[in-house]
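After this come two complexes, each holding subunit A, first together with subunit B and then together with subunit C.
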Partner chain A sequence: MKPAPFDYAPATSLHEALTLLTREDARPLAGGQSLVPMLNFRLARPALLVDLNPVEELARLEVAPDGSLRIGAMARQASLLHSVQVAAGWPLLADAVMHVGHAATRSRGTVGGSVAHADPKAELPVALAALDARFHVRSRERGSRTLRAAEFSSGPFTTALREDELLVEIEVPAPHAGARMAFAEHARTHGDFAVAGAAVVLAPGDHAAIALLGAAAVPVRVEAAERAARDGAAAPEVARLAAAGIDDAYRRALLTTLTERALRRVLAP
Partner chain B sequence: MRISVQINGRTYAGDVEPRTLLSDFIRHQAGLTGTHVGCEHGVCGACTVQLDGEPIRACLMLAVQANGRALTTVEGLAGPGGELTALQRAFTEHHALQCGFCTSGFLMTADALMRRRQLDPAAPPLTEAEVRAELAGNLCRCTGYEGIVSAVLEALGTAS
Partner chain C sequence: MIGAPLRRREDARILRGETRYLDDIERPEMAHAAFVRSPFAHASIESISVPESAEGLVAVFTAAELGDAVRPFPVMEPAGTEVATSEAHPVLAAGEVRYVGQPVALVIARSRALAEDAAELVEVEYDPRPVITSARASERCLMRWESRAGDVEAAFAQAAHVVSGSYALPRLVAAPMETRGCIASHDAGSDLLTVWCSAQDTHRPLEQLAHILRRPESAIRVIVPDVGGAFGSKGVVAPEVAAVAAAAVRLDVAVKWTEDRLENLLAASQGRGIEGDLELALDADGRMLALRARLWSDLGGYLLTTTPIPPRTAATLIAGCYDIGVADVTVVGAQTHKVPIGPYRGAGRPDAAYMLEALVDEAARQTGIDRVELRRRNLIRTFPHTTPTGLQYDSGDFERCLDLALQLAAANPDEDAACARGTGVALYVERAGGAFESAEIELLSGGRFAIASSSSPHGQGHDITFAQIAADRLGVPVELIELRFGDSATTPAGVGTFGSRSVAMAGSAVAVACDELVERARALAAEVGLGAEPAVNWTALAQAADAPLRAEATFRSANVFSSGAYAATVSIDRATGALTVEHLAAVDDAGILINPLLVHGQVVGGAVQALGECLSEEAVHDEDGQMRSGSFLEYGLLTAADIPPIVTGEVQTPSPLNPLGAKGAGEGGAVGALPAVANAVTDALGGVYVAPPFTAEKLWRALHDEAAGPR
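== the complex of A and B ==
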């Protein structure tokens, strides 16, 4: 229950972090709420830990001139709860992060760490998928690239990030005018990882986004249900379509109920 | 690596390996054994301390990361003459501890919650269900939650 020995290098700038990450068997340390347990269990035994906590340029949480929300990879999960801008434009993120761990883990845990860890039961990647987020990643040798949610997550605890690549920023597009959004989940205890969950975004005109947690090992957007929601189908029908492709009967029933619950909260006057 | 950490207003310096957990630095090098170590993987909440006033899991932070920072542990709650806080008195009155192993973690979580609430005096009082959700990150294996929840509700001034 104690980590194996490793070298420790605190990075003070993004450039320094990317340089350190080119070393053999180096791993970035963000909030540590998943990596440190893995170190304690010795499931992870990196040669070098590159501590991103001192990198101020990664800790930003702000609205860009184009109206998009820019979440620096090291922005703390708790900052989503305290941000007036998040509450106004992207309340889904505050709604979802309330289910992520506890006050004592959200204070250290980061949005980027949660996304890069890619736990199939994590809430934030699902909320970000429903918001059409884009993930900006960078490495010293290969430069920058931008990935969509479906490209970023490739399996349980697996992402498109290469060894020396770092998730730098998450860009959440400006909300559609009049958009309403809600997150619903089922967990055995408050703060536990979810068994299943649903993120719903609807906007007048022609926008509907529904992403599911627990339908697969990665966040899943359910296009048939989104189409039905755009065409004005009733909540039970949209929810049925959202979970229709899931084989397991319990999980299908759970996701139908949770999708309908989120839809009803979005549609409530 | 040489580090220096302020704990409860006093500076503690020591040599640590990079892998030394903050919980072990607090207990073994600072000698403050009120912070307990339960699961060592962030589940039980027994090692909860406050970093710049925010609750954190001391087993999920490396001691080197606390270099130059300010911590509060359970020993820092009571006044200089040992007088207990309202929260600690409520724990006594409501028999909110049985074996006591989880108590310091609960106190540090609830103390941070109380200070967060004081920042927003106009907020509606927390319900019992909300208090239970706030405390869900701390486990009591004696299962003595009733007394703990009652004590926190009273300390928050919302006891029925």
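== the complex of A and C ==
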């Protein structure tokens, strides 16, 4: 489990990182919690590893003047747990990240790394999909573009990111007034990747978002269930609608239950 | 000292990071090994092409290159057992591969990374052959043992009730925190081969390497440094170790192989992998008249030294703690295209307890007799007891274990709409001890003592336990006793550390050696005029003696039999199928306890491994024999957060077979917790049988009467 030979270049600025990423077979290294094992298994064999860890401008976690949350791609997963602003405005992120690995891996693993790795069993992409997050990506040659969750995730372990493109920042819009949110999942053991999960955001009468983990290879928003939730349907009915399209009986039951559990927590007085 | 809950003396050293595991050891000019492994479960090797040069490359060895310098593994042939010794595991694959991960070529380079780079340049041409993954479907028998006692047909014919069941346990990996590994170094001048090996003991690796390398034992020295866990998986040297040792002899340069986790999950011997059809005949009062058992063990592609042992142990223990005089038992060890099985904590004992105790619960359901009452009616109550499979149980008090477990068990849970709840009780008997171990003791200046033991530790706490035994025999403080382990050149011969045997065997050897030393000391004291008072003045004696005062002992005995009773309470979330083990009561009779603190640790650790087996652990091979659980992403090891409250209790019936009255405690938790939890799960499911691991999906389908998923 030693990686195949590669070159290593630490980037000290975003500009330098983007320049290095234009090289042949370059890959960015974030927290390394997924990429390093893949290197060691020799499943990933980049020619150049561009280390983003020294790039301070990517590590921010702050609320912008427009009220949105700005998560730098290199913000550590643990920072979502420690942020007062996240707890106040987007508690779904803290709720979801509690299920991501263990304390040690959350201290090193990054939010952007998890999103760009696009593991279909990962929690954060699902929570971000429920929060209507926008993904700011940039390359030296092509400049910047912004993608919605549905545009960013294209399949298991694949995203819309091009070879030389870097996920720079995740923008989570200001929460709807009175919105409450919760994440529920089922995993085999504590800290394991989820078998299934549900992220729910609800401001009754105004806004509802439900994203499922384990319904497909990418996070899935379930619009019929969202409409029903926004219009005040009871939790079991919303949950039934959320998972109605899933063929396998067990997975359907699991996602129905997890959606209902997340909804009940959102609706609890 | 006997019975004192003292902490291990190595704990502080371990916690400060001062341990020296295999990979911490460096030798001058040391080279590093990596292996080219088979990507196929079954194939012939058509050709192997080796790179002429590569960065840092030292040498490449194939089976052809090693030639007659090595031969396949020695294989144990227990009495009365048919063993296909011709199917012994080769060091490197010659002409054929029989499992994914089998070592095909050894690549040695200046670093492990360079060795892995060079290994990618070795080109092997394979011709794939048909793959067999099911023991029952295999027509190739590598091991067979059968036993018949009494008139089985007549007993079944006259039975009021005949109960049957089919049960299965998947393969598991041992997953020691420290993987396997070795450093081999050959001194051309003395022709001495020194092998530092992450192993359970020194003398089994010595014997195995001597056989494989065709060298006298006197030309090999095995050193076992600190070892970070084994659980049975380091009792046989790895084929990789034998290859590295053979290469070191050829190269005259030290070579290190540190197994990585990928290799360990792929190519280290696996545990369990057994299934069985059982039938029990009972009379109208629920007395057990006769047992039929036919077991199939999924042995894998080849036999390693101890591969035939776990299935044989399972078969011999299949009557458990019940007084059944009549039995017909067969176990077939079938060849499959998987990595060989080997001992893993319990090594056949959990397999037997699991199948038998599930069958007894089935009998209770069918006869309508309470499951505890049914067990009471059939418990063995007099000792020694000879089982229909020919074992002789030395001692025990099974009913006291049962009573105590019921007393410690959680109150019967109330049913509720959200959860299906169940309770389970199970008893077990465990073969421990047997064969021999040795000890040498020497009185040092200042009245201190050095004891060399043939049984070396890998986490159990031999050091303080043996020091307690010696302190008790010698009448001195425990601080004055120093233990020496882990070097075949300086410790006496023994068998090793496995099968819950260290205290009963090696501990007894220490006791006998101490008694001998006391006798010699008394004689010497009288000689040199130090008087004949009952307490020996060791300090004065050490000064007075012309030659060092020494004693040695080899202790032999038949097997001793530990036993126990476990009670579990579980709940199953009806909506998700998720299983929660709410409570586990563990009662073990390991005979007289030398150090109850360490026994407690053994029981809890073993029970946790059994819980992993119940909840999530499973080594999965697909129909092509490819490993689908090749990393900890797939293989579901439990974390501390998944462990329920475990309450332990002790019964101490002394064994008459050794001076300590000791039996064994190393495996009881792994043996007893599995059937107790499994029976509780079946109880929660209303009598529906599901095979471990009890994943949420399987339990949900059972609760919702859906066709069960993959077994």
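Keep in mind that, in the parts below, the second predicted complex is superposed on the first by the 267 of 269 C-alpha atoms of A that agree within 3 Å, B and C clash if a C-alpha of one lies under 4 Å from a C-alpha of the other, contacts with A are read in each partner's own complex, and residues count from 1 in each chain.
The criterion applied here is as follows: a residue touches a chain if its C-beta (ideal position, glycine included) is under 8 Å from a C-beta of that chain, and two chains touch if they have at least 3 such contacts.
What you are looking at is a predicted structure, and each value in this text was computed from that prediction instead of being measured.
Visitor: Once the structures are superposed on A, label A:T105 by its partner contacts, choosing first (subunit B), second (subunit C), both or neither.
Guide: After superposing on A, A:T105 lies in contact with subunit B but is clear of subunit C.
Visitor: Should A:V36 be classified as contacting the first partner (subunit B), the second (subunit C), both, or neither?
Guide: first
Visitor: Kindly classify A:D7 by the partners it touches after superposition: subunit B alone (first), subunit C alone (second), both, or neither?
Guide: first
Visitor: See if subunit A has more residues touched by subunit B or by subunit C, and give me that chain.
Guide: Touched residues of subunit A are more numerous for B.
Visitor: Should A:L254 be classified as contacting the first partner (subunit B), the second (subunit C), both, or neither?
Guide: In the superposition, A:L254 contacts subunit C only.
Visitor: Thinking of the overlay built on chain A, is A:R188 touched by subunit B (first), by subunit C (second), by both, or by neither?
Guide: A:R188: touches subunit C, not subunit B.
Visitor: With the touch criterion stated at the top, can you tell me which subunit A residues are shared between the subunit B interface and the subunit C interface?
Guide: On subunit A, the residues that contact subunit B in one structure and subunit C in the other are 1-5, 37, 40-41, 102, 189-191.
Visitor: Sort out for me which residues of subunit A touch subunit C in the complex.
Guide: 1-5, 37, 40-42, 102, 186, 188-193, 195, 249-250, 253-254, 257-258
Visitor: Note which residues of subunit C are touching subunit A in the complex, please.
Guide: Answer in residue numbers: 112-113, 116-117, 120, 260-262, 575-578, 615-616, 631, 633, 636-639, 641-642, 695-697, 700-701, 704, 706, 709.
Visitor: Which residues, counting only subunit B, touch subunit A once they are in their complex?
Guide: These residues of subunit B touch subunit A: 1, 17-19, 21, 24, 40-42, 45, 48, 51, 54-57, 59-62, 64-65, 109, 112-113, 132-134, 136-137.
Visitor: Help me check something: in the complex, which residues belonging to subunit A touch subunit B?
Guide: For this pair, the touching residues of subunit A are 1-8, 10, 32-33, 36-37, 39-41, 49, 51, 53, 78, 101-105, 107-108, 189-191.
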